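See below for the structure under consideration.
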Amino acid sequence: MVDFLQNWVYLTGAMALVGIGLYIVLTNTNIFRIIVGLNIIDSGTNLFIVTIAWHPKSVMPIYTATNNLVVNGHVISADPLPQSLVLTAIVIGLGTTALALAIAVKIYQKYGTLDVRKIKEGDR
Amino acid sequence: MKTYNLAALLVGVPLLMAFSIPLFGFISKQLAKWITVLTLGFEFFFGLYIFLWHIYPFNVIMGNWLPPFGENLYIGPFATVLIILISFVGLMISIYNLWSANHGDVVHFALLFLMFVGGSIGLVSTGDIFNIFIFMEITGISSFALAAYGPERRALGGAFKYLVVSSIGSTLYLFGVLLIYTQLGTLNIAEIAARISQTTSGLLTFAGILLVAGLAVEAELFPFNGWVPDTYTGAVNPVSATLSGIGSVGGVYVLFRILMTVFGKDGNFVSTYGNIDLMALVAILGSATVVIGELSALVQKNVKKMLAYSSMAQMGLVAIGFSIGSKMGSYAGVFQLVNHSIAKAMMFLILGIIVSFGIGEHIEDMKGLWYKSPFLTVTFTIGSLSLLGLPLFGGFWSKFALVDASIQRGGWYDFVIAIVLFASVVEAFYYLRIVGYMFTSKPTSTDKIKVSISPAVPIVAFSILIIAIGVFPQIVGGISWNAAHELTDKMGGYVLNVIPTIVGH
Amino acid sequence: MMSDTPEMVKKVFAIFVVGILIIGFFMVFTQMPKGNEVNVNNTVSRFYVMKDVDHATQMLDKGTYFNKDMVPLRNDVPYTPITFGKSSNLEDGAANVVTSIVVDYRGFDTLGEVTVLFLAASGVMLVLHGEKRKIPKKKIAPSEIMYVGTRIAFAVIFLFGIYVFIHGHLTPGGGFPGGAIIASGILGLFLGRQGYSPNKAGLTVFESLSGMAYVIIGIIGLVGEKSFLANFLPTGTIGDLFSAGFIALIYIAIGMKVGSELSAVTNAMIVDTEED
Amino acid sequence: MITLFSTLLVILIVAGGFVAVFSKKLLSSVISMGLVSLGVSGLFFFLQAPDVAITEAAIGAGLSTAIFIIAMKKIQKGGTSDDE
């Protein structure tokens, strides 16, 4: 029972992070804070994906001398496929962050501000 | 299952060339641009080879792991027509870039442009639902950087807005993919498509809404297309042409691959599993996009912004065509997609030439263009007439098919007729207004615009193609019909071609 | 984003959107299967873990894999037990199953992922192009301890990064964290010495060559094994250093590529940050 | 025991997220974002995903935050509040 609740704790944490990140993106006007929000959404997504790959009784998906992944014809490790997808998602998140920061720095040099509203006014 | 693994080069060669472009860039900047042209030429002729020798439909197996275990590319009629379209438009724009891309970091610009086109080709050919996410990110990241390129500072704001919206969209898409994975335990499109009815319907509906929301960003559908005008206006003209002519093609392809092949329920008209018919939802979103896009385009005084809104509206028409769900509707959608992509890319390129000669983007600045450059005026007119659907131009056949399909479907899809007519009338109004300005008013100064050879080649090619499609619609019509068949008959057209032993419904 | 709306309306709207999303997710979570059985056995991951994809594919070719209700018989595929340190010549030799998926079974994804990072680095350079490094007006003499310390630390970190990506198929880690570790070592060099700049042309060459090496490994698979990104090397005994066929080669290419790319990104960002 | 610890970690992460929302200074927002990433990478370890944990710690928590701080230093806004 406690194990079952544990799953919900992780899912709640993941969804809370996604919600917080989305809130930051929607309410802030500072470009850097928007990027912070995107990063937090990424963390929440990754936590969500790893959580659904996990089960309270699972072991890590690496063969070692003491860690056997298949018992009685049943795989008992955590699901390795979502984990490999998360590896991809993390790297893609870094790429997006770096590019967004480069654009933000350039925006600051050209407009002298980081405020989305002032950038819009500057264009008019 | 037919396999033709050599076609992995469709993705492999652009990647290899993109990785090597920085090395060529040490030798000469012009060489880097020529590498782009050569690579996209290879893609185009490979696509033509697949089409003319009728090698499609086939699978490409990656790493000798057959689907549903490994990843595969599935190149059916739909993918074939889009590969030819994307590589042709990309090739033409890369020829244009030989002349236009001159300032800033040209080597990295060429590299990102090449990978944008290469990523779009991968996007339309992949057979794995997570691989779609990867290719969406490849096209996404390269287009953010391309959109931020240019001497004008307004490019940066548009690029940043696109980046934020698009990364939230792809996160939603990822959630949708993983929700489906928890139920079916596979990521292969064919296996999901065959077994989609086994999922709980509540989860299926939610996952579908997440996927549609994520993909609608790239497909420029209504509540998620706020980035379109800013980004298109801000970017330099070849980049706007690329985003409009290639980026949206990939977005629409994936949206309807997911809706019709993965979620689709066969019947007289394709609908989707789950509590909500997502096809109807997309039809509503598409109609809203058309109305909003056309009305916004009507009031614009800036020609580039007008083209951006018009691009949005055209994508709405494409989405409506597919979402009718019949074979005729999908045919209209594919045809409209081809017409839109060619004509809109050409018009952005023409605008680029005009702007480079110091003439502004405002509608008043177009006055008397005929006296300065008859060539540009005539080609711009051809593009406009095709977009608004005059007979003897490409756009006529697709709008005709769209009306035909909605009459066949009947019911509340009758309103599509009204929307197509409305769109044509409004488009006629604002495009003919520009064309009228071009022909009538005599300008104060009549300095001739001399168009050099490299930007002229793509424009001539595009306008010849538009007229050719208008006169002989069977050039695109035949394969579009096959593509429509692939979309509407999901077991025979897609699933059994990928996993032949899977048991049908 | 929405410039004209007052602050309060925006916050309420944001809370509304977030609330709908979260409620939707929790409604969905209640429907997800979570029993006592680990549900890996119903997914394709089962065969990745058992390294038995070939066998499952053969069943699929005979048409017995999918039954009438289209439920794949994922539990019926017979398996051969795998013992660490004994089983050899498996279809995929990596002891780390995540690595075997990332590089072998779904290697095409990883090629795309490397490309995404490459494009992001190129995009950073495209966007930040035209910035010149300013020569700092007053030079703060670097502390001798800092200078020597970062150089020693760089050597250690560099070796650790290489260790991480060479052992990617045996231990947790692999090309991406290995490359990131090397890049953080180079970041340390920036901190240790004012005005430090890595050889930019060298980084570019390194980056291009390692990326091309990855694609060429894929093309060798296409020529030799008739399929892009197919393993063309023998797999030894599971758990050995030389056991995973081409996985080690690819992870070396990825590690070098990621390391040089992230260093180049750091370099592009850090230029011009010297005080002026 | 692990259950208790990981629950505490989840609470800490969510608290870090709230700090990122409500802090006035941009720098503390960024630092708390880095801490969230670090906490998430710790959770990955409990979730039997050591590969992901190492990658997230090196890339998500380490390099992302570092690039962030470099970019912030570049626009010379490191310590000031972001009411501009």
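Every chain is named by a letter (A, B, C and D) in the order it is written, and numbering of its residues begins at 1.
One rule holds in what follows: a contact is a pair of C-beta atoms (placed from the backbone, for glycine too) under 8 Å apart; a residue touches a chain by one contact, two chains touch by 3 or more.
In this text, all values refer to a predicted model and were calculated from it rather than measured experimentally.
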item: Of A-D and A-B, whichever chain pair has more C-beta contact pairs; value: A-D
item: Whole-Å gap between the CA centroids of chain A and chain D; value: 11
item: Separation of mean Cα positions, chain D and chain B [Å, integer]; value: 38
item: For chain A paired with chain B, centre-to-centre distance based on mean C-alpha positions, whole Å; value: 29
item: Euclidean distance of C-alpha centroids - chain C vs chain D, Å; value: 20
item: In chain A, residues with contacts to at least two other chains; value: 18, 22-23, 25, 42, 52, 58, 61-62, 77-78, 81, 83, 85, 87-88, 90-92, 94-96, 98-99, 101-106, 120
item: Contacts with 2+ other chains: residues of chain B; value: 130, 134, 137, 141, 144-145, 148, 164, 181-182, 187
item: Residue numbers of chain D (touch at least two other chains); value: 49-52, 55, 59, 63, 67, 71, 74
item: Pairs of chains found to touch, sorted by chain label; value: A-B, A-C, A-D, B-C, C-D
item: Chain D-touching residues of chain C, taken from the complex the two chains share; value: 96, 98-99, 164, 172-174, 176-177, 180-181, 183-184, 187, 262, 265-266, 269-270, 272-273
item: For the chain C and chain B complex, residues of the former touching the latter; value: 1, 24-25, 27-28, 31-33, 39, 42-45, 47-48, 53, 56-57, 60-63, 65-72, 74, 104-109, 111-113, 115-116, 118-120, 122-127, 129-130, 201, 204-205, 207-209, 211-212, 214-216, 218-219, 221-222, 225-231
item: Chain A-touching residues of chain B, taken from the complex the two chains share; value: 130, 134, 137, 141, 144-145, 148, 153-154, 156-157, 159-160, 163-164, 167-168, 171, 174-175, 178, 181-182, 187
item: Contacting residues of chain B [partner chain C, same complex]; value: 5-6, 8-9, 12, 15-16, 18-23, 26, 60-66, 68-71, 104-105, 108-109, 111-112, 115, 119, 122, 128, 130-131, 134-135, 137-138, 141-142, 144-145, 148-149, 161, 164, 179, 181-183, 185-187, 191, 194-195, 198, 200, 202-203, 206-207, 499, 501-503
item: Residue ranges of chain C touching chain A (in the complex, touch as defined); value: 1, 3, 7, 10-11, 13-15, 17-19, 21-22, 25-26, 29, 32, 34, 36-41, 43-46, 48-50, 75, 79, 81-82, 84-85, 95-98, 101-102, 106, 109-110, 113, 116-117, 119-121, 123-124, 127-128, 171-172, 174, 176, 238-239, 258, 265, 268-269
